[in-house]
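Following this line, the structures themselves.
Below are two complexes that have subunit A in common, paired first with subunit B and then with subunit C.
Moving on, here comes the complex of A and B:
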């Protein structure tokens, strides 16, 4: 009976072939490390955020006089409301942690290279959507940091030439962040996750067209690819288990660590907090914003600092496969960049002083400088590596890839001309 | 490399700039009924005339296990389902203190330092050379020195007010997060379950991957 149903469906909809093509037969490089688990984890958190968010929205009130109280209502009176809210709040941080790791892996292994540029760019679009969603969601509890964070960030659009003031009013729906801002942010915070789901589908279509990259940096031969199911379904589930343990430690034992104390004070437009800080995942970009003395310059620098990753396929001119794995200079650059991110995060967190201004400016220069240097350094490094002699491991890999390609071409020609 | 080391050096160098903040006293927040009930008693007698606890109802105190008679005493004519609003009207408070006393429901979550901050603040009063009252931890405070910490500086009396401050803070911690104990209890089960599940998934993963040559 089930078979007959599936046959019935298959005659009308490509169910079996879809599952086969995208899951049970989908070829995946067998040498993927656990760094390749993070895409699946991001997808899982997206579902978790949507699920908890839908239930939170049933009890939340988007109204400046009610928002703060409705959060407390969720925390105290709604059955397991505290669990929903903490899962959602910790989930936001977990999302960024996983996405940043996912991006760091792409940068380390050079996964952005041809033919995966569009995969990388759709991911970049996803990052922007995620940032917008998180930013709007942060306004909803209507605490002091919610209000002042939204005030500072919407105010940045004042830097728009000629129509700055109008743009800010248009975004807020009012002269200041108020009820109009809160209701539109709530509406958009509910909409954007579904745009993200759409963008994830595009991201996956791109992925399944070019297939996963792998630590070796070259396209593997057929025999080194294994079906996604069961090998990677189980590997992803095991990774998910580890993730959920860490996530649960935050949700159940230290859920308030990532919530600024000031956000437990209701928003008060008459009283500016001593120190306005964004959520931790925006800190490096916030530090770049503050490091540029000119407002328009700061806004542009902050925008560029997020978008600049998109240029990586053009900036990295080395043809050595395997990303940082076989490239000592790039590896050093990668780790210095990570260190620079941490320094920027620190600068973004603390009260600005003369010292931290200097540190922030130096770190901002290092941030953009490292991207600026990549085209020259990567080419020089490639020349140096070839001159020095590539390790036998990569030479073998490149040779194998070359032969495979040749064999495939020959096969295609044979097929075209009908030679067997 | 040199740039990076300069940045690191500056980071460490600038760290001491913030080291001279007033140091908070640490307090061990108790979670047992007796302490929390004692804290509620102190708070109802000393703080509640001015401060509200608007997210808590009298009924919540009873369902937590507090003595019904005591709760009835505290609430007077108020209904069991009314929130713990202050006896003093907001306008009167503004008239006498110049500012509205803040609601205390989330106080231990709403300040950097949390429970330690509230504890230190309660005990942080002093008299300056001119005999004027001040507070080390929140200089602009308008609140009177309810525990007399400015005059009691040693002996059994000091221990007594320290205990009272700890009781108040323990009660306020419960008020700020009444589900905390339930959350932690549930957390142990969830994590134990996940550890077992993950171990099984790991074994299954090993078994499945062992089929590969």
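Moving on, here comes the complex of A and C:
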């Protein structure tokens, strides 16, 4: 009977062939390490955030006089409300942790390189949507950090030339962050996850067109691919188990570690907390904002610091396959960049002093400097590695790629001049 | 590893089944908080009991109070009304009056028509529901359809002679 139903559906909708093509028989490089688990984990957290969010919205009230109390209502009166809220709050941090790891893997292994540029850029769009969603969600509890965080970030748009003040008022719907701001943030915080789901579909279509990269950086021959199911369904589920253990430790034992204590005080537009910091996942970018002495410059630098990853396919000019694994100089650059991110995170967290200002400015210069250096360093590194002698397979691979490129160009020229 | 075979089919299918059952149980358990969160929260449950002072109700008079957001009729019946109510068991849903009251002088019923949930009006002896024309007598028993059942008697208890608590028997 189930077979007959599936046959009936298959005659009208490509169910079996779709599942076969995109999941069970989907060819996957056999050498994927656990660093390739994080895309699946991000998808899992997205589902978790949407589910907990929908149920929280059943009890939350978006109104400046009610929202803070409605969070307390969720924590104290609603059945398992504390669990839903902590899952959602910890889930936001987990989402960024997983996405940052996912991005770091892409950078380390050079997964952004041709033909995966569009895959990387759709991911970049997803990061922006995620940041916007997280930022708007943070206003909803209407605590002191919510209020002043939203005030500071909406104020960034004052840097818009000529119409800055009007833009800020338009964004807030009020002269300060107020009821109009809260209700629109709630509306958009509910909408954006569905945009993210749409963007994830595009991300996956791009992935399934170019297929997964792998630690070797070489596009594997068919014989080196294995079906996604059962090999990677099992590997993803195992990784999910580990993730859920860590996630549960946070949710059940230390749920408040990532919530700023000041956010347990209702928003007060007349008084800013002494120590105002964004959530940990925004700290490095916030440090860059603070390090630039000019307002417009700071805003642009912060925007660029997020968007600059999109340029990696152009900045990295090395033809050596694989990322840091086969490129010692790039590997050093990668780890220095990670260190620089941590320094920026620290600078973003502490109270600004003259001392940390200098550290922040140096770290900001290092941040952008490392991207600026990549085109030159990657080319020089390539020359050095070729001179030192590459394994024969890799030389052959580079030669093949070069010949293919030449052939494509010749073909294009022939077409242009009408020669056949 | 080495010579170990991976083709021990029984062991593998047993492990797959076991893992699926444990995983399924985990997913089912994870659904519990989501479903439970839609049940009345503790502040709603706090409204489950209502205390009413009935000292101001005159014989033949009626008091309407809210219990769990629903109207409850508290009717102080006159001796004639008590006699009329006790003389019959009702027609559509027979039940003796003695089973519907704790003290014959006081009738306590939920003022929600058992047909479609409208609130019946006190008209002459008994109540009439204007939504679909159901009629109830002074014991809250249905005497004319389409309502299928008598008005519900909520759990209640006399705390004192002139004080009752609705919601707790």
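Methods note: the second predicted complex is superposed on the first by the 390 of 420 C-alpha atoms of A that agree within 3 Å, B and C clash if a C-alpha of one lies under 4 Å from a C-alpha of the other, contacts with A are read in each partner's own complex, and residues count from 1 in each chain.
Here is the rule we use: a residue touches a chain if its C-beta (ideal position, glycine included) is under 8 Å from a C-beta of that chain, and two chains touch if they have at least 3 such contacts.
Note that the structure is a prediction, hence the values are computed from the model and not measured.
*Asks:* Once the structures are superposed on A, label A:382 by its partner contacts, choosing first (subunit B), second (subunit C), both or neither.
*Replies:* After superposition on chain A, A:382 lies in contact with neither partner.
*Asks:* Once chain A of both complexes is superposed, is A:279 in touch with subunit B (first), subunit C (second), both, or neither?
*Replies:* After superposition on chain A, A:279 lies in contact with neither partner.
*Asks:* According to the stated criteria, A:355 is in contact with first (subunit B), second (subunit C), both, or neither; which is it?
*Replies:* In the superposition, A:355 contacts subunit B only.
*Asks:* On subunit A, which partner touches more residues: subunit B or subunit C?
*Replies:* For subunit A, the partner with the higher number of touched residues is B.
*Asks:* Have a look at where A:84 lands relative to subunit B and subunit C in the superposition and call it first, second, both or neither.
*Replies:* In the superposed model, A:84 contacts subunit C only, not subunit B.
*Asks:* Go through the superposed model and pick first if A:59 touches only subunit B, second if only subunit C, both, or neither.
*Replies:* A:59 sits against subunit C, while subunit B stays out of touch.
*Asks:* Pick one for A:51: touches subunit B only (first), subunit C only (second), both, or neither.
*Replies:* After superposition on chain A, A:51 lies in contact with subunit C alone.
*Asks:* Which of the two partners, first being subunit B and second being subunit C, lies in contact with A:316: first, second, both, or neither?
*Replies:* neither
*Asks:* For A:76, using the defined touch cut-off, is the partner it touches subunit B, subunit C, both, or neither? Pick first, second, both or neither.
*Replies:* The answer is both, since A:76 touches subunit B and subunit C.
*Asks:* If you stack the two complexes on chain A, which partner ends up touching A:363: first (subunit B), second (subunit C), both, or neither?
*Replies:* first
*Asks:* Kindly list the residues of subunit A that each of subunit B and subunit C touches, one partner per complex.
*Replies:* Common to the two interfaces on subunit A: residues 76, 83.
*Asks:* Can you list the subunit C residues touching subunit A in their complex?
*Replies:* Touching subunit A from subunit C are residues 32-34, 36-39, 41-44.
*Asks:* Please give the residue numbers of subunit A that touch subunit B in the complex, ascending.
*Replies:* Those residues of subunit A that touch subunit B are 30, 69, 72, 75-76, 82-83, 86, 226, 230-231, 234-235, 237-238, 241-242, 244-245, 248-249, 251-253, 255-256, 259, 261-262, 264-265, 336, 339-340, 343, 346, 350-351, 353, 355-356, 358-359, 362-363, 366.
*Asks:* Enumerate the contact residues on subunit A facing subunit C in the complex.
*Replies:* That would be residues 51, 55, 58-59, 73, 76-81, 83-84 of subunit A.
*Asks:* Quick one: which bits of subunit B touch subunit A in the complex? Just the residue numbers, please.
*Replies:* By the definition above, subunit B touches subunit A via 1, 3-4, 6-8, 10-11, 13-14, 17-18, 55, 105-106, 109-112, 114, 176-179, 183-184, 186-187, 190-191, 194-195, 197-198, 201-202, 204-205, 208-209, 212.
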